[in-house]
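One chain, chain A, appears in both complexes that follow, with chain B as partner in the first and chain C in the second.
Let's turn to the complex of A and B:
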């Protein structure tokens, strides 16, 4: 077992002994067999010396124990790295930025402290997964929905703190936005509550975010200023009904108006579900462009020729599926209105999609699951607040994928919410991919994901392999793409520790003012630099100067 | 008795103390979302593609999952299946799970 950097064996042994006094010897993991389980299962450095590894792990099950562990860590200068459920696969998993750190595994803190059906809110501990919260609600027959990401085993708190997103209504898809109130153990062991939680006796902790003064919650997301031990979330009551509709437009340049009208509809609240942009020319996630189109794309045929092709095959160029939640009559009227607005685009055609009344029946859920796992439907389980792991069928071995990967990392830049930005991103990324020898599925037809209603996000998965050389090349390509994206003002919204320093480098306005400010905060709040050293590029003083 | 045989003996004795009923609880909580029955199960789909009918794709229908195999997969993972920590599936729970899935 390695010791943490800059820590003597004697100090480490003493610290481990104090950790054992705090949490019980059963919950301090020092042996290799247990500690190896804190690797990142999808590490981009898999099997290499640079792979981030822990020296030990400690698993508290109360706030008081967390405070004791943090105080001990300070006393002996032990770098610690909190994880919640440790399932941040694709963004670093459970491994620390600084190899040799002791992982603070919060999985045992898995209490659902409060769920209010009247207020549609919840207060949870870090070890609570989306599955846990969903089951809690279902078992009690509460008429509430959660908003979950694709994999349901992640932590409700951890996902929000890493700025993750989901699939239901506009106001809930940004998980950090949808939180209300936190409790935090600071790096010196002090305990803090934010928002109305700072007022003893307040019953509005999960109702009003700000309390008074600067809203400091953001400091504890994608950072290393404290250990979040409780977090409140806004849920929604189960809606009455849902429906979808698709608009198809004939020309390449129609994308610009399509996005502008979509933005109008989302920003006025008419469309409140997660829209899906696509192209009838290339179909769904698993499909390939047909040979004639592929030939046109391969030779870089001008747009007019592709439009001719689209006309010949009787399909449009772009599609947008809009989704609505609400009262049955209201959402029907909203879809009518949306069609009126989209009709400003000459040649736009419309198709009614599916509709549901809630709650869904068991059979309906089974149907949705079945179709989702083969990529043949647009509305998937998370859009109904149902957590699952069905998404993993996409990377896994299957009938259509005989050579599964060992995992993936996400390249996930934010681009502006315009058709022009989509076109530019296609051009730039296709060119970069060409230079790097990366496959491009259908040049010019790459469309962003719409978690956030005020911006777009692209999600590109880079595979992890068992071949070290392949992983090295993958990392180089990834890093090149981060730089190319930054040259165009497109920045990552979230990234794995392997790339966090690089990504923070790209947010360089005014001589890296953001980093410099964060470092000053770090030095003030965590002078011994014990908490998640290096997370999102924020290094403590003693490691910056090294 | 040779060392290897002694280890095997210890292993199976430990497994005999493990409660398969507890193992089912562990399976339902940690494994079923990918390895359960029904549509959209990535683990079941992967094993179907791997075995092509030569073995059951459903772990619960397998008759050859000796405890060593269960332990290996839970602690090492495979392909996109990650490994599980002891705060998720403790050693005791792993033995129970292994007993539940054992022939």
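Let's turn to the complex of A and C:
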């Protein structure tokens, strides 16, 4: 058994023994077979010395037990690393930033404390997964939807604290924005509640975020300032109906107007679902360009030639599928209005998509699941507030993906929500990929994700492998792209522990003033530096210079 | 000239002289005629020893000057109190919590640094008022709306930092939620940027809020942790059209279903403007019940009798005006759908309201202004993104308001967004008012404000006067109501300095854990305690026990 850095075996044994007193011997994991489960299955350091691994794990069942564990950790200076359910593949899984940390596994704290249909809100513990919450809602026949990420096996709290996003209505797709109220165990074992929850007997903890005075909730996201033990969320009352429609535009530069019009529609609430940008020339996730197009791309044909090709094959250059939730007649009128607006682009054509009235029948859900798993449908379960794992079929071995990777880490820079930014990102990333010898699937056609209505996010999965040398090269490429992105003013919104120091380094305005401020807060809040050392680049004082 | 507490005249003179070197002699105000302008015109301590007054003021013109002033303040331990434009009547105006503080007046920093029509965003300095931003947008012919408070003379930044609210689309009426990115001078003079702004050359500072790592923005709202020198905001692209409609329901208990259906409609995005609850029995702000109804209310007639009376006079018990922004046909369909939903309430009747296509003509704006100023129109300028001062006509002497007050302080508790909570609040506040001998205009008919879609806020103006004894009684009543509200789990969302300690006291969960945490942060961030001592109940260490 490994010990945490700078902790004697004797102190570690004592601490583990106190953890056992706190949570019960069954819930302290120290044998190798148990601790190995906390490895990051997608670690970019798989099999290397530098892989970040836990020394043990402890799984409390209550807030009081969390407080006891934290107090013991302070006494013996044991680094602890809280996880909610420990999913988060591609962003670090359940492994700590600092090897030798004890994982504080909150999976047993899986109580759904309140779900209000009238207020469309929930209060949950960190071990509650999207599936748990969904089941709870279904069992009670409540007319509520959850905005869930895809896959949906993770923790509702964990995803929000990691700044995750979802797939339904615009105003709820940003999961941290859609939270309301927290309970937090501080690094010294003290307990606080935020927002209205700071008032004993508060009647609107899940209804008003700020309470009074400085709003501290943000401090506990992507950070190591406290262990969130309860968190409130806004849910969505089941809407009346749903509708999608697709606009296709013929020319490369039409992307600029396409995005501008989309922004107008989403920012005025006309489009209130997650839009989807695409290119009919390329198709879906694993599609390859036709040989003819591939030949054009390979020889760097000018845009005009590709436009000619698009016209010849009658497919259009770009597409955008827009989605609408709400009253049946109103969303039909909104799609009509969207078409009017998009018609400002010469040659724009339109295609009606799917439509549903809610609730979905069991047969409809089965049908969506089946079609989603083979990628033949544009609307997927999360768009109807239903958590799903079919996303994993994308990475699985299949006809279109004959050589699946062993996993991936996400490179996920934020770029401005403009057509020009998409073009520039394609140019910059293709150039960097060329230099690094990375494969580029369809140069110039890479499109961002649209979780949120004010920015774009690129999601590039960098494959990890069982080959150490390949992983080393992958990490170098990843690091290079982080720097290239930063040179263009594009920063990652989230990253795995292996890259957190680097990413924070790129947020360096005024001699890294933000990090210096965060470190000052860290020292004040966690003077012994026991909590999640290194998370998102924030190290405790005694490890800072190492 | 007064000196700040614990500062010698000599040190104060030196500090003022350094302020003059930093900002120019013209922009340091120390004579009584100048400093008196920073008094709170609505101070509840008017003319009393306890009135919180400044000793001087300093008005920098740049971030560097702010940094210099802050450094000097640290050197001489001068308490400084930043204001943006210093409006905020009813919540403290421009006067500091700690008498003798030097007001840091940011009015000269009134640059509009960026307005993007395509991104529907703005980056401004603290001295920029809603009128300034509106004028800037109009002069350039940009199709953008501002969600502004009413009145709109204040600072865009100041209002957001005070957690203010507005009147247009649901997703932007919460002004702090609708901000994106900050620049902050810390209490030691250091400068940081938050969100994507922490990346040099960031391209999406106004497009993605969180950046990477812990999100610290909330710390700088309703607080004393830094001087915000720039802040980004999301604006609204001018929508296509606007429509209102009113539902009237006949019975007292119909309020419960009325609010539930309203919640459903607003939480699914069907209604996306600010709804307005009312009672046709009472009418507008200064209306008095008819003598017959007044007689019923005075003798505490049972609800059934009031319902009978309502039926006889054909007026209904409650009303709700709902508002829609968006594509003309879609919002008409949404109003139709809303009527279907509200029809679940037996006896519900409907009335079409105003409708507009945008842009408004000059004549339409003039007409709205004229009618708004006499209270004869339901839609007001702020609902069209236009700042206005006509709100002040409410408090002015008029036929319906023959005895205007000298001002007021707002008592503004948050309550759950349910009909039951409205009824309970009416009962509780009327009972307390009875005990305190306060006038109750129309018992049982007091209705909350609906800035935000997840909670209700009551706004009760407590009149201040030129009579010291009356103000003393008012303060006692105010304090009593804060406590009564807290006993029922209802907390203030915002309050004037005179009541900030008290209000924070009511947020007392776990031995005031939130305050203890805030104080710990305060000591780390502002060790000399120079910034806004006492703001929202957070005092620096050396003044904490006093």
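Quick note on the criterion: the second predicted complex is superposed on the first by the 541 of 546 C-alpha atoms of A that agree within 3 Å, B and C clash if a C-alpha of one lies under 4 Å from a C-alpha of the other, contacts with A are read in each partner's own complex, and residues count from 1 in each chain.
Everything below uses one rule, namely that contacts are C-beta pairs under 8 Å (C-beta built on N, C-alpha and C of every residue); 3 or more make two chains touch, one makes a residue touch a chain.
Computed from a predicted structure; not experimentally measured.
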item: Touching partner for A:263 - first (chain B), second (chain C), both, neither; value: second
item: Touched partner set for A:445, first chain B, second chain C, both or neither; value: neither
item: First (chain B), second (chain C), both or neither touched by A:390; value: first
item: First (chain B), second (chain C), both or neither touched by A:414; value: second
item: Partner chain in contact with A:318 - chain B first, chain C second, else both or neither; value: neither
item: Partner chain in contact with A:76 - chain B first, chain C second, else both or neither; value: neither
item: Partner chain in contact with A:429 - chain B first, chain C second, else both or neither; value: neither
item: Contact breadth on chain A, by residue count: chain C or chain B; value: C
item: Touched partner set for A:272, first chain B, second chain C, both or neither; value: second
item: On chain A, the residue positions that both chain B and chain C contact, one per complex; value: none
item: Complex contacts: residues of chain C adjacent to chain A; value: 118-121, 163, 169-171, 176-177, 180, 186, 190-194, 196-204, 206-223, 225, 234, 236-237, 239-240, 260, 263-264, 267-270, 272, 325-334, 336-337, 414-418, 421, 452, 454-455, 486-495, 503-504, 506-510, 513-518, 520-521, 523-525, 536-538
item: Residues on chain B engaged by chain A in the complex (per definition of touch); value: 33-34, 38-43, 45-46, 48-50, 75, 77, 79-88
item: Parts of chain A lying in touch with chain B, wherever the complex brings them together; value: 27, 29, 33-34, 37-38, 41-42, 57, 59, 86-87, 89, 93-94, 105, 107-108, 131, 152-153, 366, 369-370, 372-373, 381, 388-390, 392-393, 395-399, 401-402, 404-408
